[in-house]
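Once you've had a glance at the structure underneath, I'll fire off some questions.
Chain lettering (A, B, C and D) follows the sequence in which the chains are written, and residue indices restart at 1 in each chain.
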Amino acid sequence: MARVLVDVMLKPEILDPQGEAVANALPRLGVNGITSVRIGKRIELEFEGEPDLDQARAVADALLANPVIETFTLRVDDTAEAAETGEENAA
Amino acid sequence: MARVLVDVMLKPEILDPQGEAVANALPRLGVNGITSVRIGKRIELEFEGEPDLDQARAVADALLANPVIETFTLRVDDTAEAAETGEENAA
Amino acid sequence: MTGTQPADRTESFDELDTVDVASKTPDEPQPYAELGLRDDEYAKIRDILGRRPTGSELAMYSIMWSEHCSYKSSKVHLKKFSEKNPRTDRMLAGIGENAGVVQITEDLAVTFKVESHNHPSYVEPHQGAATGVGGIVRDILAMGARPVAVMDALRFGDAEHPDTKRVLPGVVSGISFYGNCLGLPNIGGEVVFDPSYQGNPLVNALSVGVLPVSRLQNKNASGLGNVVVLLGQKTGKDGIGGVSVLASATFEDGDTDNRPSVQVGDPFVEKLLIESCLEMYDAELVVGIQDLGGAGLTCALSETAAAAGMGMYVDLDRVPLREASMEAHEVLASESQERMLLIVSPDKVGEVLAVADKWGVLATAIGQVTDTGRLIINWHGQTVVDCPPGSLADDGPVYNRPMKEPNDRALIAADRAETLPRPSTDEELRATVLNMAGSPNLADKTWITEQYDNMVGGNTALSMPDDAGVLRLDATGAVAPGTGPVGIALSTDGNGRFTRLDPYTGAQLALAEAYRNVAVTGATPIAASDCLNFGSPEDPHVMWQFAQAVEGLAEGCAQLNIPITGGNVSFYNQTGMTAIHPTPVVAVLGVLDDVRRRVPMGFDNDGDVIVLLGETYAELSGSEWAWSQHGHLGGIPPAVDLAGEQALAAVMRRAAEVEHVSAAHDLSDGGLAQALVESVLRNKVGARIKLPDHADPFVWLFAESTARALVCIPRGHEKAFGALCEEHDVPWTPLGIVDSSAGGLEVVDHFSISTAELAEASEGTLPRLFG
Amino acid sequence: MTARIGVVTFPGSLDDRDAQRAIRLAGAQPIALWHGDTALRGVDAVILPGGFSYGDYLRGGAIARFAPVMESLVDAARGGLPVLGICNGFQILCESHLLPGALTRNAHLHFRRRAQGLRVENTSSAFTAHFDAGQEIVIPVKNGEGRFVADERTLDELEGEGRVVFRYVDGNPSGAMRDIAGISNAAGNVVGMMPHPEHAVEALTGPSVDGLGLFTSVIAHLGQAAVGAGS
């Protein structure tokens, strides 16, 4: 089952109130090593057959990211890679 | 500058109205190959020094994700990898 | 959470354009034209400074002398407001302040103002509209008031146009997001669709606040040695696009991207800003205060210093930055949101920082009040600004721009809607009523308004879809002696089509409608504010429209005996050569001695007698009927009758006091037909209507004659109410009775429409278009 | 002796003054509690008011849960202190695991405000004794993240133990599972609801005065507790 992952983040110069609020809350959890938090969107697009990056890009452009304040990156989900570098945590 | 990336997604059984709204809009874009869209959060944690995965996991567990409805995965941001598999798109 | 250290920002140190450098390099070419300054304006700046301006100074002058900040094209006309304003001892602060302040009771005052955020809302609808709300709320806060409500007057392009589907939902979600999260009830507004706003939606936001008279604040940076404190959000590159041409050539940093970066609002921080400012006011910690809006620090620093006739020294390196890589002119021009500038006496600074810290808001001392009479700003230890603050704030250019009456006026006036084909059969009348009820401008606005919290604060006595928003001034425990709790009523109105046909009349019609909307709730109108949305002042025709509208508004307020307490001008609302319909939006404020007596709209009690107040004439030009049924705009708008409006208001006020009326609804867009439809749909209670025998049903149903309202009189009060109308010379015509057994709107001898059919037509439109 | 009912103010709390007004109208004494203090100032019950604590960023209630006041409140609630969470307060109670389930984005993706019909399903909680079982009341709702969700097991458990306190009637404003508008913990002293009873306490401002019932109920509940304790 082929997946394209789209990460949408606010442009660096754009204020991220959400990230700020979380960052300011960390000390109360006893966490101090974290200097900044930015919160964006992660979107999983499931394709019937072969994942079509161009189509995915078109969708991201039109529906997923707001070009005025956001940028996006996309990549085909290579679950193998994910499995080894990332770690599931069905908390 | 060391970063930990936390991806927070709704559990599969939890309705994702935002994802559905996007999915329903696809045909109007002439996109038909995409069978499902799920929208979650991508959170970038910047660490002062060495990224501390355990601390990041603790934060994700306690604050960033709500175990009742969400799961999360985390990984150290290896920008090299990002650069080659992903593609910037400053839309 | 402290500002980035100077150490991090040496990137453009070597070519820093200081006052010394400027004096030594008089011939250095400067991009003043790109910054929108004319040759003579640039020359005047050099003249004021006795040298060329530094980059930072040039940025500041270009901003402060812009149309938006200097009102250079409108000043000469706006004078009329002050000249014509009726004298009243209610006015505690007027034109020129952040917002006008009107005294309501012995110890309570109200401040309200409308402001536009049109262009930003077109570029990024959600954030543009959100920050529009945030901006006007800070103006209200700066007067010493607790903001208690917002309203939004919106104009969009054609409802069916694809771009309207992008702009409207974004604007509404932005207003909803910011206002709701801030805890301010939204108590009213407008939504109008017209192709003339296609490339220029109008987003006018109003905020109203309440203050104890004794808490009134000012923006004076007075008191030698007092400390200048910056409160709130860190400063980022928000909205600095305008001055980006000044970015130093050899800018090393990765992002040389200087496109205007969109301002993002954080209502959470604004809420904390409100609470901390109010706590500081009550503890008398603040000497002067000014909000940071458009023009950011540049405006706040120069206006506060100029207002006090003092000097000011600012160490710009102390300003907390969101991004290290900012230059002096960027810090000065930044429009980052949720910031206030405070003037604090040195012995109070500790307490101010403590209050800010309690609420989790950043507060930083960035300078002092001096007696040099000059605004001096240092950056990296060197002086980059040294100028008289008044030259920025007050002595900007003033233009008497050429005006020219459009030559098509005679043609337009001759093209009267009264001559258009009319529905001739009862079946056609019925179809027209239904079709208009479902037309975007008249259709039910719930899809929009249910996204707004209208009740937070617990003082909302009336709100949408009632004619005016009504608030109890309970927040500060006000009960006027001998009466119940005091209330205020507010309505905003504007009619671009009428104003396009005749700007003088159109402005007065907007005023009259807002006044009427307030009056039908039983409130006494006492003050007005405005937001004047027009095209380019460099177009003589637009300038003429503007002058006419101001003249009409000032004259109208004088006749209604209510002062204009302040307002806002938005020029350059046009795409290419075509301007929007000239659109003065007028807000009227009223008072209710006992808010419990406020009159709602809508049929409710079976048996109530329905009475039409006012005269109906065959006035159809510019009407919603002409536009929605024929796409026609021409002729002469309905006649203004301000004496009639005053008489109507007097009747409504008295009738409300003695409870002669159970409900009332003013007649405006769509005329009697639409007023009946709205009154039936409000509570889903029907009515039987019998038009007078002499009446031409079409004219009676669709004409938009002014000074009219529909009222419901409980059985037994008819005589007394009739006498009241005669006493005030208000024509009154019994039209029928409230009757739920009618099952909807029945116009005897002509047609009837079931409540369900009306509801389907009216309530289906917006969800179909935008849901 | 009049009951002392605390209302917690978090940064971003909005309906806190409204909750205080409602408490006053119901005949009790409102006591302001501050998120930064662990002290509960000896109150007899606590209201977590509506609003957007911490801007509702990340998830409604997610950050407020870590406020110092919540430490003492969670213990007190486990010890039987009556606690009512309204809207954002409900979200905070779920995030703090004092109540099961979670409140997610409304299915229609909009903030929605309207006068809402509710059926009172449980009259044995600390806040609903003054209602009749099955009584239908009108209380305003206003939220963007009010859709109650929980797994089937939890939902069945809530139903089985009669812990669904309020259910939406004449339309479900958020897409909440099983039309759930409010629930309680097993002991019945902790109640969370999305609708705003504090905005239905005066004829002048509310669609009804049905909301008063929650406040008078808890006052009566406290009275009995006092009697029971022989004081």
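Throughout what follows, a residue touches a chain if its C-beta (ideal position, glycine included) is under 8 Å from a C-beta of that chain, and two chains touch if they have at least 3 such contacts.
All values derive from a computational prediction rather than experimental measurement.
Across the two candidate interfaces, A-D and A-C, the one carrying more C-beta contacts is A-C. For the pair subunit C and subunit D, the distance between mean C-alpha positions equals 36 Å.
If you average the Cα atoms of subunit B and of subunit C, the two centres end up 40 Å apart. Contact with two or more other chains is made by residues 266, 268-269, 360 of subunit C. The multi-chain contact residues of subunit D, meaning those touching 2 or more other chains, are 54-55, 57-58, 63, 66. Among the residues of subunit B, those in touch with two or more other chains are 62-64. Under the touch rule stated earlier, the contacting chain pairs are A-B, A-C, A-D, B-D, C-D.
Remark: subunit A residues 7-9, 19, 22, 25-26, 29, 31, 33-49, 52, 55-65, 67, 70-76, 78, 81-82, 85-91 touch subunit B in the complex.
Taken together, the subunit C residues at the contact with subunit A in this complex read 1, 123-124, 127, 233, 236-238, 255, 257, 261-262, 264-266, 268-269, 322-323, 336-337, 360. Put simply, subunit A touches subunit C in their complex at residues 10-17, 20-21, 24, 66, 68-69. Within the complex formed with subunit D, the residues of subunit A that make contact are 17-18, 21-22, 25, 28-29, 39. Subunit D contributes residues 54-55, 57-58, 63, 66-68 to its touches with subunit A in the complex.
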